[in-house]
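What follows is a pair of complexes built around subunit A, which joins subunit B in one and subunit C in the other.
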Partner chain A sequence: MVSVEKLREKVKGILAREDIKYVIGYEKGTYGFRVSPSFAFTQEDADRFIFSPLCANNLAVYPMLEEKLPLRRDQKEDIRKVGIVVKGCDSKAVLQIILEKGMKRENVLLIGIPCTGVIDPRKIENKFPHQAENVDVREDDDKFVLIVDGKTQEIPKDELMYDKCIYCENPTPILYDILVGEEIHSTKKEDYEKIKVLEEKSLEDKWEYWSKQFERCIRCYACRNVCPMCYCKECMIDQLTPLWVRRSRNVSENTAWNIMRAYHLAGRCIGCGECERACPMGIPLTELNKKLEKDVKEMFNYTPGKSLEQKPLFAMFSPEDPQEFIL
Partner chain B sequence: MLTKYQVYGPVNDGGVILFKQVRDASQLDIDYTNSNVPPKALFFGQTETLFKFSLSPKVKIEAANMPNERVVIFGIRPCDAKSLSILDKVFKGDYEDPFYLAKRKNYVLVGLSCTRPGVNCFCTSFDKGPASTENVDVLLTDIGEKYYVEVNSDKGEELMGGFKNLFTSTKSKDEKIRKEVEEKAVRAITRSINIEGAVDKLDNLFENSFWKTIAMKCLTCGICTYLCPTCHCFDIQDESTLTKGARVRVWDSCMFPEYTCQASGYNPRPERMNRVRNRIYHKYNYYPKNYAMTACVGCGRCIDNCPVNIDVIDALNRVGVAGK
Partner chain C sequence: MQGNYFARRRMVILKKLMEYLGIDSRRLRMTWISAAEGNKFADVIKTVTKEVKEIGPLQNFRRNNEW
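Up next is the complex of A and B:
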């Protein structure tokens, strides 16, 4: 597991540089098992930084959220770098945004964390639903060690870990400037078992399943806002002329929103699962994303977030591309 | 009750607790902490049709039906019931909202005392606790084998009058257990804020750099406002095809940049900081100034569901509003 002291030391070193605006990392949350994104501007701020198996958030979203307000005549654009603490999956998001030209490589400084799997907040909060006090969680080989109310208990990692971590192929960030700790390699492979089961269902069953899920959607757009890949200046859902999706909340409009969101991420989603984590209505959004990921892989042999040499899927064409779906 | 009224109660829908119409008592999930979406949605729906229109052969406008169903909201928590009293101020304010008010008049609130408050519950910070009868028509408290029933209004009296055969009179032992249940729930609430003087303190904190700090992590999604039992902002849209359509009222959120965006393109709340600050000021400063009540009931939903751990208790503590 990553040493917090080492992380803070590296962040402090980075903050001492003049070309750094601030560093985004994690700090202890305000209650229970929560961890909070943290912004360090000064050396003291860096002392708040932590890294633990609870650090699920993909911080790559933050540089994309930064407001670029019009400059006044005497103002100059701040071109200093933003430091971001990234896990394997998070680094894929940064990489994909860079190759889509959503941000420039030189504008970010990546502090890589070789990650051995993070805890799914839903799984742990289901186990300890009334834990208000902040607790300590660390990792010990294939177990998580939890200190809850002074009592230490061990839980096998697979019981609490995100599904995405169980199949993680890139625990070490693909893209980083500074690595905290040693590189780790994974022999795991995504097998899409869950998606295959869904694929085999009949059209009616699929519709029943998804319409039940989408019926719950409250259109808070947390799935979009938490997603580092959703960085359009103006989202189609917010447009009024033309009105692509009505504001009314019903199965039809909700379905349109959820499907459009997923399709806009085809060949772009790097599978961090933040949309599903953020969803307050428990909609299994990663299933949609995974299905598209699988299709893109099978049809175009393309995996997003893999290398800076790659082009975005929709910026490529090959005569061998499958065309059966074109009428 | 199901034969005479439409009954809405807490139902587990794919792991999420929602207030839905029930046709059979077995559908109810009575052991819930609180619903994910507050029952305000039953009074102030996320989508409500105001009127329908059609253009051909002639322009025709068809008013929406006024809600007149006899509805029982079963199992509403005292905090959420209180939120309706807070919303009343708005919907009975300068403009009377006929849809909301018709429902408030017809719907009977059968409350259920909290026995297992959630981690972020802090209703006791607002003087009304987990077993307050104040804003419900009837309050049920689980005292083991039976419910302790308290009727608090004529509407409640009328409802309960139909089921007289189900009740036995209370004994002093029952009263004692009810008190114990309430005290136990109060003890289980671990978080609190002290909002005394919050209005004046916030008056002097508007330009504080703290708002920028907290807003840096905000994603400006709609979770905190949509799931807040007292948030009540809406947008009005015409949704139509070429020949017919409807004017609908839908929830809106001050967290969205479009919320304040003007037709010219100018946005008076351009940054996340402006919007995060507005949400907190609206609840703890503007609302108390306008209506002499805090627009927060301490249900903790905004804290529970925030994907980036923005915590209103912590925020008010850190900015020096609460606790000092």
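Up next is the complex of A and C:
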């Protein structure tokens, strides 16, 4: 893991520049194993910045959430850059947004952090429930070191790490302006084992599994709001004319919403797993996203968030696309 | 013309997603019919309705009146 002093120093250097609006990073959370996103406007603000294995949030979502008010006639657009602290997966999100022309490359400044895996808050809260005090977690080779209730605990990484980190192919950001620390190369590979098991089941079993998951959905749309790729000006779910999906909370509407969300991310989802982290009901949304990712990879040999040279998946076609389903 | 090819990409993914969620993918059909192929159009519609009738109505998405 990178040293916090180095990160703060780099951020301070960036904030001293004229063309920076603010820098988004992480700060200590208020309780338990939480970290909060932090917005540094001045150099003093940068002293709050941290980076620990708990920093799971994808900060790429914040520039997209920022409200852009209409300009008055004599006003000029604020074209200063926004600095973002990015891990490997976050950089993929930024890259994909730039690819889709959601924002401009020159409007962001990426502070890359080579990441060796972050902790899944669900897994750690299962292990150490009801922590009121904020806990600091350090990384030590292949272990996480944390002090809980006055005792120092050492836990193997694989037990606490996100599933996405276990299969992470890009620990070093793909796109960055400044890199803090040394580059890391990964030999891990995604094998989609969970998805393959589910695919093999019969239609009835699959529906039973998914209807049970979707039944629990409370339609808070946290999965949408936390997703860096969900930045449509008006979401289909918010539209009233036509009303695509009703507001009522039942299996039918919940399924419609979840299919819609997953399908809109087909070929765009970069697999940061934020939707599942944000979901208060614990619906395995990554299983949906990963399935689409797998199909896209198999059929079109396309991986979202790979390079700035490629086009978005649905903005191109090839005559050799699969067509055996067309009768 | 290009639109057909763009749609083809989307449809194949949607079909796979439907199957993954446990919805019979025969309910979604994509066919290319020219405006001049009236007979083919009629045939396709006939086979689709026949097939869907065989599968029966989709119970998964039924809205129950809860009040």
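Side notes on the structure shown:
One rule holds for everything that comes next: the second predicted complex is superposed on the first by the 323 of 327 C-alpha atoms of A that agree within 3 Å, B and C clash if a C-alpha of one lies under 4 Å from a C-alpha of the other, contacts with A are read in each partner's own complex, and residues count from 1 in each chain.
Definition applied: a contact is a pair of C-beta atoms (placed from the backbone, for glycine too) under 8 Å apart; a residue touches a chain by one contact, two chains touch by 3 or more.
All values derive from a computational prediction rather than experimental measurement.
Look at A:292: by the touch rule set out above, it reaches subunit C but stays clear of subunit B. When both complexes are overlaid on chain A, the residue A:282 reaches subunit B alone and has no touch with subunit C. When the two structures are aligned on the shared chain, A:198 is found in touch with subunit C, with no touch to subunit B.
In the superposition on chain A, contact is made by A:317 with subunit C only, not with subunit B.
Legend: residue contacts after superposition of the two complexes on their common chain; A:172 is shown touching neither subunit B nor subunit C.
In the superposition on chain A, contact of A:259 is made with subunit C only, not with subunit B. In the superposed model, A:116 lies in contact with neither subunit B nor subunit C. In the superposition on chain A, contact is made by A:65 with subunit B only, not with subunit C. In the superposition on chain A, A:250 contacts both subunit B and subunit C. Touching of subunit A by both subunit B and subunit C, each in its own complex, is seen for residues 248, 250. Residue ranges on subunit A touching subunit B, taken from their complex, read 29-32, 34-39, 57, 61-62, 65, 67, 69, 129-133, 212-213, 216, 218-222, 224-226, 238, 243, 246-250, 274, 277-278, 280-282.
By the touch criterion given at the top, residues 198-199, 203-211, 248, 250-253, 255-256, 259, 262-263, 266-267, 288, 291-292, 295-296, 299-300, 313-314, 317-319, 321-323, 325-327 of subunit A touch subunit C in their complex. Residue ranges of subunit B in contact with subunit A, taken from their complex: 13-16, 18, 33, 36-37, 46-47, 116, 118-120, 188, 190-191, 213, 216-217, 219-223, 226-227, 235, 237, 239, 248, 250-251, 253, 256, 258, 270-272, 303, 305, 307-309, 311, 313-314.
Across the complex, subunit C meets subunit A through its residues 2, 5-6, 8-17, 19-24, 29-32, 44, 60-64, 66.
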